[in-house]
């Protein structure tokens, strides 16, 4: 496929600066690790943005030049302004894809797109995560066979309070006894939204090829079509 | 069915006070007309609330005592505070049903529940609206046969920018050539949401028995189950 | 709820007759065990039927007097005639509920209702099954909290080749590392279909109260509304 | 997009031979008209097949070399053998796309894929059909704006007894007062299914560029991914 997708990886970039364990795993930030991974995929044109940049890294210009926004947030959800949330949501409505990773389940922008609480249960225990493919022909599952194993991860458990996904791609198994819908697709306006569970900051999840492959697949899946239009109320004159 | 459902009809109650045409149709308010209609349904316990009451008519106590909230808003969408929106949304997540009528498509609380722009096309022309049943066995369509005709209505046309409904119950036909998904169901958290298109303030739509029947059916459908719990993030200890 | 639901439990009733292990667990058949369990639920009127009866236990009269058909099949799928399948499918289209249990995933009638292969992966290992609730407010999950554990079961693993469920109620976890969408809802015509995974014939699954509760909840959920009509093509004259 | 899709247009090819009116509109068959239209789309490699060919035009070899099967059937539904239906369905499960046109709603293979009766209401009156886009960013709606008008068509009306579409792309309006879900998407196994309503044999619908464009768009949308595998039950050994 010759389609070229402009991916912007946004990271709040806080844990990596305040927590030695996280910095050891992602010395230049989670966004940089994902960007390096995606560089192997020729159809993607990758850039990065962080919370500490002007306009929180997400100006109108920046967003307009982005086909798919990848988001990683955790402890700084509240620092993201309502204006930033509104700008991002509006771009999704106009067709920009949005990929929310891991603790982004509780980011303002993801919750605004879902309309639900997006809550779940969790436990940091460092056991493995088995990611099972439940939709084998879905483009996001391409090349992943039955699924893959992440050696060490935080546990997320059901019930995950999101709208029933339009398409469920992955379900995760955890050794402590829990399950989680870990790859979920929704349409919002003209834009496509994908949530992908793995990626706790203290584990090298984003150094794992299968995880990067999922993000690359999702970027192609979420890329907008030819037009990029914000829906609006419009008066429709009589046919006359 | 013996289930008893506490329905609260909320109306911004502005058009009826400032517009003579509307007052002529609904002299004591749209909410009062709907309440009168629903009084014929013994399983429903009906109350009303309006924007000008304390806490905009929607205090925590009020909402906690409501099984299903019916909402009519139009020109005062912006007057509804973010706090009110948050209170209502949280109650929906906990299990309260929500029925949005007509121009409520653009109410803050409905848009917050959907996550999309909720925009559409429209024309006030007073032609008829034919409401077709597309899900004959759905409880909201009970007793309505193939559908019914509203003699005079405002036109709403596609594309209606909402998430794909979990269940589509009605599609409307307009003589000017338009169609509209006029009865749509979604789950949000533990609560059920129904959008029903008819009800322009200058037409006697809410005096029509079939329209009231839809609202009564929807109230039973949207009523919460036994528990009423707000979902929350929760730490899950190891099985031990 | 005062609604009274006529439930017919159909069982091929073969394993219990040819296999000593199965007979030890279900001496008078799986259908009898389920019927005994459901007897504790006053809203249900329970009967049983088996493959060796005239018309395979499923005559037109029998089906017309059934609100919800529960089905357990395994080694005799091929013995069910195409006529029987057609009769049952037609009744589902007219509004009869259908609950498919365990190996019924591969029954002719279930596959005819789904339109897919309904294949999966499996292993008889007798480990536990943890059944997680992923839709806490769904009526089929009522009274089950976060879920429950079945001490010994056969494993079923993804990918389960069914259409994306309209509502996903349960996901199961197995100690060998697998997950499975174990409680799935679909609408087919005027009828509701529920698939529930547990119930291998060599384990006492249908003696467990939580399992029976799921079936009882599902029977109420799947019960038809007021009308029972087979959809048909119909010429529609001009309004004239 | 460089993807090259092998499209096979299957037509029962009966009306054109027995009915002068139809022959006048489609002298060499509906399949030939569609094939001519699709020839303008460079990404598609188009062939045709008809009921009177060996193995009803749909041998295993033929199907294995087909990415997307377009189907037009009407009066000869019963002439299609169960073996042919099973071959086609199995290929859909393995990933082949299927596009059902117009009266194909009642073809055996379409009904087998849906699991419902697929019935509807109808009237041949030759009025116009307005096809509205309700999912503007869906790839099948690309290039069609708000929709388009077909000058003369047969009317199909709701209720259309199909499973709730995974994605609803078009709704049609008819001057006699009816509406119809005229563009519907479903996933079945690894294959994608699209139903498109227009195309009565006595009207020149398949000579209209917008109609051909929908079929071309749908062919790209329904094309399978890299693998083409029939799902099967499989024993899964313990991890060991």
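Letters A, B, C and D name the chains as they come in the text, with residue numbers starting at 1 for each one.
We take it that contacts are C-beta pairs under 8 Å (C-beta built on N, C-alpha and C of every residue); 3 or more make two chains touch, one makes a residue touch a chain.
It should be emphasised that the depicted structure is a prediction, and the values quoted were computed from it without experimental measurement.
More than half of the residue-numbered contact pairs at A-B reappear in one of the options A-D, A-C or C-D, namely C-D. Judged by contacting C-beta pairs, the busier of the interfaces B-D and B-C is B-D. In this assembly, the C-alpha centroid of chain B lies 34 Å from the C-alpha centroid of chain C. Counting partner chains per residue, chain D has residues 135-136, 157, 159, 164, 166-167, 177-178, 187, 189, 231 touching two or more of them. Contact topology of the protein chains: fully connected, every pair of chains touching. Residues 89, 93, 106, 112-117, 119-123, 125, 155, 157, 159, 161, 163-164, 166, 176-178, 186-189, 230-239 of chain A touch chain B in their complex.
Residues 1-3, 95, 135-137, 139, 142-143, 166-167, 187, 189-191, 224-227, 229, 231 of chain B are the ones touching chain C in the complex. Against chain D, the residues of chain B that register as touching in their complex are 130, 132-136, 146, 157-160, 164, 166-168, 171-173, 177-179, 181.
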